[in-house]
Each structure stands twice: as structure tokens, then as C-alpha cells.
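Take a look at these structures.
In the two complexes that follow, subunit A is the common piece, with subunit B as its partner first and subunit C second.
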Partner chain A sequence: MKNLPATLLRGGSILGFVLFISLPLVMVLLEAFGADWFGMRMLPAKWTLRWFMWAAQTVDLKGVLTNTIEIAVLATVFALVLSIPAAWAIARYQLPLKSLLIGAILFPRMIPEITFALGVARIFYAIHLTNTAIGIAFAHVILAAPFAVLVLVSTFEGMDSRLLEAGTVMGCGPFRLFWLVTLPLALPGLVAAALFSFLASYNDFVLTLMVYGADTVTLPVQTYLSLGNGYLSVAGAISTILLIPSLLFLLGMLRMVSPENLVGGLKGA
Partner chain B sequence: MMVPSRRLGSVAGWSFDSPARRLPAGQLRHVATGALLACPLMIFLGAAFYYPLAYTTVESVTPTHGAGWTLAHYGAFLGSRAGLGVLALTLSLSLAATVLSILLSLPLALLLRRQFVGRRALQFLMMLPITIPALVGALGLVILYDRTGWINVVLLRIHVLTRPMVIDYTIPGLVLFYVWMFFPYGGLVIMSGLGAIDPALEEAGLVMGASPMVVFRWVLLPLLSSSLWAGAVMIFLQCFGAFSIPLIAGGNFQPIGVKIYTVANVFLDWHQASAMAVVMGVIQASLVIAYQSIARTRRPT
Partner chain C sequence: MTEPRLRLEQVGKDWGRVAALADICLEVPRGMFLSLLGPSGCGKTTLLRVITGTVSPDRGRVLVDGDDVTQQPTYRRNMGMVFQSFALFPHLTVADNVAFPLRVRALSRAERQERVADALRMVHLNAFAERYPRELSGGQQQRVGLARAIVYRPTILLLDEPLSNLDTSLREEMRLEISQVARQLGITAVYVTHDQREALALSDGIAVMNHGRVVQFGTPEEIYRHPVDGFVASFVGYANAMPIVVAEGRAHMEADGAVLNVNVTDLHGPATAFIHASAVILAPFDAGGENRFTCTVVDLGFMGDHVEYLLQHSAGLQIKAHAQLGAAIYNRGTNVSVILPSDKLIVVPRATI
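Right after this comes the complex of A and B.
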């Protein structure tokens, strides 16, 4: 210890930061797993799974979870189907007005969701897409596709053309070339794009709030509804389930890339 | 050092089917194929994003009753005390949260440069607020800073306070919650800016006998200033667009995002809400353009 006060100051500020960031989530967990937690108590009097049971019975947690996952899977598939060709074109073709094209694809992430959610809600309502899984998935693709394109363009640009040429020279047909060379090279990018899309849809609140209906309540919307009804603990229980994919995603991602390479952000408000 | 740019928007990355370039007919086919590949996504975004945006803009200038067009909805928002109050609230919340977030992220980014035990865990925590759904963060913050939450209980027990402090549903509380949720955007930009600084410059300063503080003030800070500005704009943008936090934790304070939602869904005044949405979108888009011009000058290409 060459400099005790400096070390203490550093340790103290790290501890403060850790508490500042982590305590709100600890509170959500305490709310979800605790009972009789009120007044000046630090910890709940009892530990319980009651709120999860409540959620299962009163707000049809299973149905809500099924909706959320179904919509997220649909949104992921749509986002990939639309983004892969577009990203391929941006990465490997010389196109006029390319920066305008990229700007037009990224623009939905640049303005707050609520600004276009109004119009989306009005139009979806007119053509009966509100309260349908397909409709909500479409709305989520607006958020997911820009990310998917960003990830895929850098994947496709990074692919070594010489490998593709080598495949052709070695006598691969277009199909075998795709299967044996292109796909394995692009796979990490495709997986990343799929995960980003899934998470964007699974976590989305603002757009969903504008286009959901009685049959298509998702986890974030149900969290909000339970809060509105005053069931704080049920909201905590649903939030706990809502958190799981984000935490897994973050753990997995930090293993692969350093966070400063992710400038551009992960999600909206 | 000049490196071939792989940046988005540069005319890069084509070689595999390059013979097409030489023949005008082949080039036409090349462009046509590329355009065709981008078509499905553009058609989708046109229908699901740009059309709703245009629809909202048209709604915003349509009178509530009757035909024709009007700027009355903009007038009602931008010309009223209440409307300007909403804008002032949104901007001042965002500004305060931005300044505090930069003050938090700068030391953190400097700290995270070094290798030490637990660095990965700190990175995890730093990314946490922007990865999880904002709604869950808002819920946790409201519980933590409640009158019977941990912050108050601890401060009462160690006799810093004699009465519980009200933090939830106040403006300082909202600023604090914004900082929690949005500072990582600034932290990430500053971290990537720090990563781009040649360590030799700092070492040179230290070797020449400057104290770490002097090196920080006269070497690191000038090199970092564009990152700091870019990070600040990034945080400001996020605060300006915030929705879940003020919806849950704002109480009577409704910044523009929440106000739009209330006007549309509670008062069912879609024309008024549309005008506010257009104002919000225009402000945000101008800030994005400002951000990009800063980010561009930052890159030494």
C-alpha cells in the first residue's frame, strides 16, 4: 500500500458505483420474492413464491410469456429475412446514394419510439393489425431491422472475398459455395443479429403499448398494467422473468466483445 | 496511419464480382441486383415506418373538425404556457442529467482502462441499465428511493436524516433516475475515445515530470474533449426521448414523451398529440445530426 488514502478513495468510489447501479435491481428481486415487506424494514419478513403464483393465476402469466416469445420469434424471423439481403447489398454492391439508403434504414432508431408509435397505432388500427401477434411483430421489426442491418453489414464487409473466389475456383457451385463457405463465415454475425432482434422485441414497451390488445399482452405491458393496478409485488415477479434474457445476453456478449465497441447503443427508452 | 475505410457509408467492399464494373451493361445489372436486394426492407420500412410518420405529420396540420389545414395544434402547444412548460421541463431534466452523467462516466471510464480484478464485473454493471428493459429499472428505482426504501432507511438509521427524504416523483429524483439509466451511453463513447489515445503521449508527460493531475488536465482532457461532447449529446438524446422512467417515476412531472402518450391515449386528442410528436421528432433529429457531425470530426480519417 504505497498510498492508503488514494486506495481507500478508489475502493470507496467503486463500491458506491456498484451499489448505485445494482441496488434498484436488488429491490425488484426483493419485491418479487419477499412478503410482508413494509415500514422501515430492510428485508422482507418472509420469502415466498406467492407473487409468481398470483401472476400465473390472475394475469395469465403463461399466456403473457407465450405471447411475448411468439412475437419475439416472429419479429426475429421477419427482421432477418428483410435485413440479410439489404445488408448484403450495402456491404458488397456499389450502389448510388448508398449513404442515403443507410440513413433511411437507421433513421427509425434515431427518433424516439413514441414519435412514430402514434402513426403506427392509427394505421394498424385501420387495417386491423392491432391486437395480433403478426402486427406487433411487424412493429418490432422497425426497431430490430436497423440493428440487424448494422451487425450484418459489418459481418459481410469483413468476409474475405478471396475465400469465396477460392471456393469458386475449386469448383463449388453457387449453392455449395453458400453452404460450405459463405454461411459458416457469416454465422456469428447472423446469430448476433438474431439475438439483437429477439431482445429488441422481447423488451419493447413503447410501441407494444400503442398496438397491443387483450389477446396480445406482453411481459413489459403486463408489468406496467400490474403496476397501474397497484400490485407492486406481482409487477416485481413479472419483471424478474422479463429480466432473464437481457442478463443472459449481456453475460454472453461481454465474453465476446468489449463494451466500448458497442457505441451506438442497445435500445431505446 | 491511413487505413482503407471499412466504415458504413464509404464506397467499400466490392471485389468478388468486380468484372461487372468494367462493362456499362454489367454495371447496370450490378446496381439493379443490389437495389433489388435492398428492396424488401425499404418497402417494409416505407409502409410500417415512413408512412405512419407522414400520416402523423398530416394529422398534426389537420383541423380537429372540418377540412383544410391548420397550424392551430402547433400554436396550442408552442404558444401556451403549459406547452412551453413541458418543453422546458424536458430540456432541463435532460440537461441536468447529461452534466451529472458525464461527471460520473469520465472517472469510471478512466478507471476501467486499467486491468484489475473485477473489471469484467464493472463492465457488466455499466452495461446493465441500457440492456435491461427501462420499465424494470424504473420499478427498482422507485422502490429503492421510496420514503420507506433502503436509501431513506439507512440514512435514518445512521441519523443523517431525522425525517424521510422525498425523492420519488420529484424533479431531482427524476434527474437521478435518468443518470442511472442513461450514463452508460456517455461512458461507452468516452471509453472508446480513451482507447484511441496513444498511451505514449501520457507516458511522455509523466516522464517529463508532470503530475498525473497535470497530465490529465493538459494531455488527456484536450484529446478527450470531442468524445466528451459526443457522449454528452448521446446522453442528452436518450434523456430527451425517455419514456418509461418518467411514466413510472414522474408523477405529476410529464416530459414531452409521456405528455404525447397522455394526450393521445387519455384525452384521445390525436391531432394535438401528433403536433407534439412532430416537434419532438424534429428536435431529436436535429440533435442526431449535430451528434453525427461531432462524431465525424472525431475520427482521424
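Right after this comes the complex of A and C.
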């Protein structure tokens, strides 16, 4: 080691950052799998799966999970249907006030979610969309679409128009050009946009809380409800279940597309 | 009389108020290798895109084998194109890239495989069929581009500066490859370039373009030996341009009034005499002969097979000369005689502005 203090500082700051991010997560996991954890103990005294069994007994876990996934899938579809044409227009055409347009699309992510949620709730009560999967999915589009549009704009912008020209010269009409050239080139971006949209909906709590009902309890809401009932460890168990798809997606995503591609789109090769 | 493979009739295209193409008329017979030669922005690439149909002309007609295809969409025209940027599909292997146009034409799998193998063999890439474009060098990628453009036997092969993105060392090799493939297939080709050496070496015919017009159309030899104006002359490599004035059948150097012995029949008024650097002869200071000027060696560079000189004439004119290896070498500051052989000089009228 040439410069030990610098190496220690660098290693220490990375470790600190990882701990800072993951400590709350570790606490939840300890809560979910531990028993007799009181006072000043660093770790639980015993390990158990009791809280998961309790969760299964006190809560309709299967129903809640089905609700969550159903809403997330709907929200993903809506978000893609909405953001693909928008992103294509922004990326491929000269539009007036382009930056303003992108700003407007990102706006929902910049203001407090609760503010938006209040407005959404007001509308949903008026037109009876509360406690419906479609309604909640629509609400989630507000959260999912900005991510999807961002990813897709950079995907479409990075698409080499000469490849489309090459396809046309080689005999592709508009429809075949889309299937054989445009779609395969855009696929990594589309997958990333879909995953982001899915997770935005799957993880959402604030918006859902304002418009959910007895038939549309989602995992984040259920976690909150269990906590409200005083079962800290049951809440921990449910949020651990909540965590699984996110982690799976993250792993899959990192394998499929490199982080640079997620941010920078698919440039060239 | 057989129809030419490609005929352009008074094709015009405007970008805003600027005429990108003005009144282009060209006939390309079957099997001809035609080059569109010109500086960037001269309209040569726009003309290529008018032929493929990705740019539709504002005026005029495009005829292929006598049929008017001006209104036909690009994908029905059966053109083949090689791109400067290669434009290979990154998600497909070499074989799948070459098979792409065959898949679009719904050929059977067996025939596809056979034709792809043939095309890849033609460009010496059969060993690379299963690689992806990103795993190939630039030269190899462009050979895939060439194979992909000819595999479906297009009516016309269009090449848009295919060598510009390659290393200098690869260009000659690739140029020969293109020439061989085109000749072997007897295909009609239109080749866009700004490099006069490529155009001269490859083509049966050259159309020199400037400001959206075809300035001269002819064989490489015609273009090289008899450029119609100063633009063509300097573009095909005449390094020395000397302003002269023609009066009563005699040419005088504008710089100092010295007589230049050169054929100037039919000419009158301001003109420019051009000569290639390699045609300029250097002789010892006191040598005699026609069109002899005394110059000082300003700079010289040893280029391996020849020596490049930059010479300064007392009247302010600079002359470039290439002397073959083996000739005497003159150092900086020496006075030498520069001889401009009258049969190597060409004179074109100079527009007075």
C-alpha cells in the first residue's frame, strides 16, 4: 500500500455509505426473523419464523399480494402506453419548448406526493374510482410515467436513424421496420422502463393510502396497517415479503442491462 | 437502344432557400461504376438519397430501367446501400445482418443460408458469421455492410463514403474489395466520395459536383486530363494554380507579365493555368528550356518515393513540386529553375467577379 491513510479513508467512506443505506433494512430483517429482542441488545436473543406465520394468520397475504401485483402490472401497462408515444415524440421530433415538456412530465416527482395524493383522492371520490384496481393503477401512472419517459427518451434518442434508413432501403415497410429494427433496438430501454414502472407502483404507499379500500389493500398499506395494530414484528415480516420482488428485479436488471445503459440509454452498439 | 439502368431528369431539391440539388441530369448505363465526387455540402449525398427515395425531390424524375420511381417508397425500390457509419444492426450476428434483407424478402431458410455464405465468402468473412458487429474491426464491419448490400442482388448498389470511417491503411484494401465485388457481380454502382483518388481509381464514370450541380461528367481520364473549370481542376489534384491573362493568343503570367508558353486557342481574358505538382520539373539554376522560372526552395519534405518542394517565385507565386527519388536534391534557400512543360499545363477560363 502506497498511501495507507487514503486507502483507509476511501474504504471507510464506502463502508459507511453502504451501512448508512442498509442499516434500516437490516433492522427490519432482524425484526422479522428475531424473537425476544428488547432493551439494549445488539441482536435478537432467538431466531424464529413465528412472525411470518402470524402474518399469514392475521392477514390475507395471498389476496394482498395479488392486489399489489395486479395493480402494478396495470400501472406498468398504462405507463408504457402513455410514455412510449410521448418519449418517441420528444426524442425524434423537433418540438417547441422541449425542455418545458420534459419538466412538466417530471413535475409529479418533484412535488410532495401527499399533495398530489390529496388531489387524486378528491377526484376519485367524486367519480367512484377509490377501492378499484384500475383506479389505483391510474394513480400510480403519475409516479411511474416520469421514470418511463426519461428512460425511453434516452433510448430513442440513442437510436441510430441510419439503422432505420438501412432497414428501409433493404425493403422494410413501416410495419416490418418497427418489428424487425425499431423494436429490437428499443427492447432494453423498454424492459428498463417497464421494470421502473412496475417498482414505482409496487412500492408506492402514500398515493395508495389515500384511495385504497377493503378490496385493494396492497403490501405497503398492509405493512402500515399491521404496524398500526401494534404488531411491529408482523409488519417486519410483511415488509420482508414486500422486499423480495424488488431485490429479484434489481438483480435481474443488473444482469440484463448495465447501469450505464439505464441512465444513458442504448447509444450506438 | 437499351434504357439506362438509372436516369435522373432535371432533379432539383431545395433546403429552405438553398438549392441542394439544381437541375441534375445523369444517365448511368447498366453495369457502370459511377462516382459522385465533390466537397462536403455539394449535394452528392442528397442525390444518393433521392435515388434511394429517402429524400423526395422537389422537381424532376428518377427512372430505373425506364420506369419512373420518383413516387415509389424506398422499401419498394430494391436498392442496396453501404453506409459511411456501417449501420449494422448491433443486435444481430454477422450472418443475421447479411440475412436480414433476405428475411424481409421471405426467402426460404436454405436459400438464405446459401446466399449469406456466398456473400460472406465474397468479402472473405465466412469465418466471422457468428460474431457480433461490435467484435469486428472497422474494415471487417464495412465488409459485412458490403455483403449485406449485395446479397439480395439490388438493382443499384449505392455507397455513401464507405471508406471515410476507416484507417488510412485499410482504405486501399477496402477500395480494391469494393471494386472486385462490383465488377464480379457486374452491378450498377453509385459511389459518393470527396476523395478524388478513390473516385479516379474505382470509377468508369465520374460526376464532379459543386453547389448542387454536376459540373463535369466523364471518364476518370477525361476528368483528370481535361477538367472543365478551376474547381474541377483543383478538386482532382492540380496543386498549382497560376493566374494568367490571355491576349492575342498569348498567355502572360498575371504576377509579372512573363510569357507562358501554353496552348490557349479559343481563350481570351483572365484564365488560370493548372499543373500537377508531379509534372513540375526542377533543374539547376542555370538550366535552359521553355516556361522556365527562377524560384527559391522554401521547404522540402522527404516522402519516401518522392520529395515534396515548396518553391517561391520572385513575383510572389508559390509552386509545389514533387521530384522523383533519384533526382538531385535542392536544399532550403537554393535557387533552382522550375520548368512547367507546356503539354502538362491546362488552362481554364477564370470567371471575373
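The criterion applied here is as follows: the second predicted complex is superposed on the first by the 221 of 269 C-alpha atoms of A that agree within 3 Å, B and C clash if a C-alpha of one lies under 4 Å from a C-alpha of the other, contacts with A are read in each partner's own complex, and residues count from 1 in each chain.
To be clear about the criterion, a residue touches a chain if its C-beta (ideal position, glycine included) is under 8 Å from a C-beta of that chain, and two chains touch if they have at least 3 such contacts.
This structure is a prediction, so every number in the text was calculated from the model and none was measured.
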Check your understanding: Looking at the overlay, what does A:Gly173 touch: subunit B (first), subunit C (second), both, or neither?
Key -> second
**Study point:** Touched partner set for A:Leu185, first subunit B, second subunit C, both or neither
**Key:** second
Practice item. Based on the superposed arrangement, let me know which partner A:Met27 touches: subunit B (first), subunit C (second), both, or neither? Key: first
Check your understanding: In the superposed arrangement, does A:Leu118 touch subunit B (first), subunit C (second), both or neither?
Key -> first
**Study point:** Partner chain(s) touched by A:Leu250 [first = subunit B, second = subunit C, both, neither]
**Key:** first
Practice item. With both structures superposed, pick whichever of subunit B and subunit C touches the larger number of subunit A residues. Key: B
Practice item. Using the touch definition from the top, say if A:Glu165 reaches subunit B (first), subunit C (second), both or neither. Key: both
**Study point:** On subunit A, the residue positions that both subunit B and subunit C contact, one per complex
**Key:** 165, 268-269
Exercise for review: Note which residues of subunit A are touching subunit B in the complex, please.
Suggested key: 10, 13-14, 17-18, 20-28, 30-31, 38-42, 81-83, 85-86, 88-96, 98-99, 101-102, 104-105, 107-108, 110-116, 118-123, 138-139, 141-142, 145, 149-150, 153-154, 156-158, 161, 164-165, 203, 205-206, 209, 220, 223-224, 227, 232, 235-236, 239, 242-243, 246-247, 249-251, 253-254, 258-263, 265-269
Study note, to complete from the structure: The subunit C residues in contact with subunit A across the complex are 52, 54, 73-81, 83, 85, 87, 89-91, 100-101, 103-105, 133-134, 148, 152, 158
Revision key, fill the gap. In the complex, the residues of subunit A that touch subunit C are 160, 162-163, 165-173, 176-177, 180-181, 184-185, 187, 268-269
Check your understanding: Mind pulling up the subunit B residues that touch subunit A in the complex?
Key -> 6, 8-9, 11-16, 21, 30-31, 33-38, 40-42, 44-45, 48-49, 51-56, 59, 104, 107-108, 111, 120, 122-137, 139-141, 143-144, 148-150, 153, 156, 180, 185, 188-189, 191-192, 194-195, 234, 238, 240-245, 247-248, 257, 260-261, 264, 270, 273-274, 277-278, 280-281, 284-285, 288
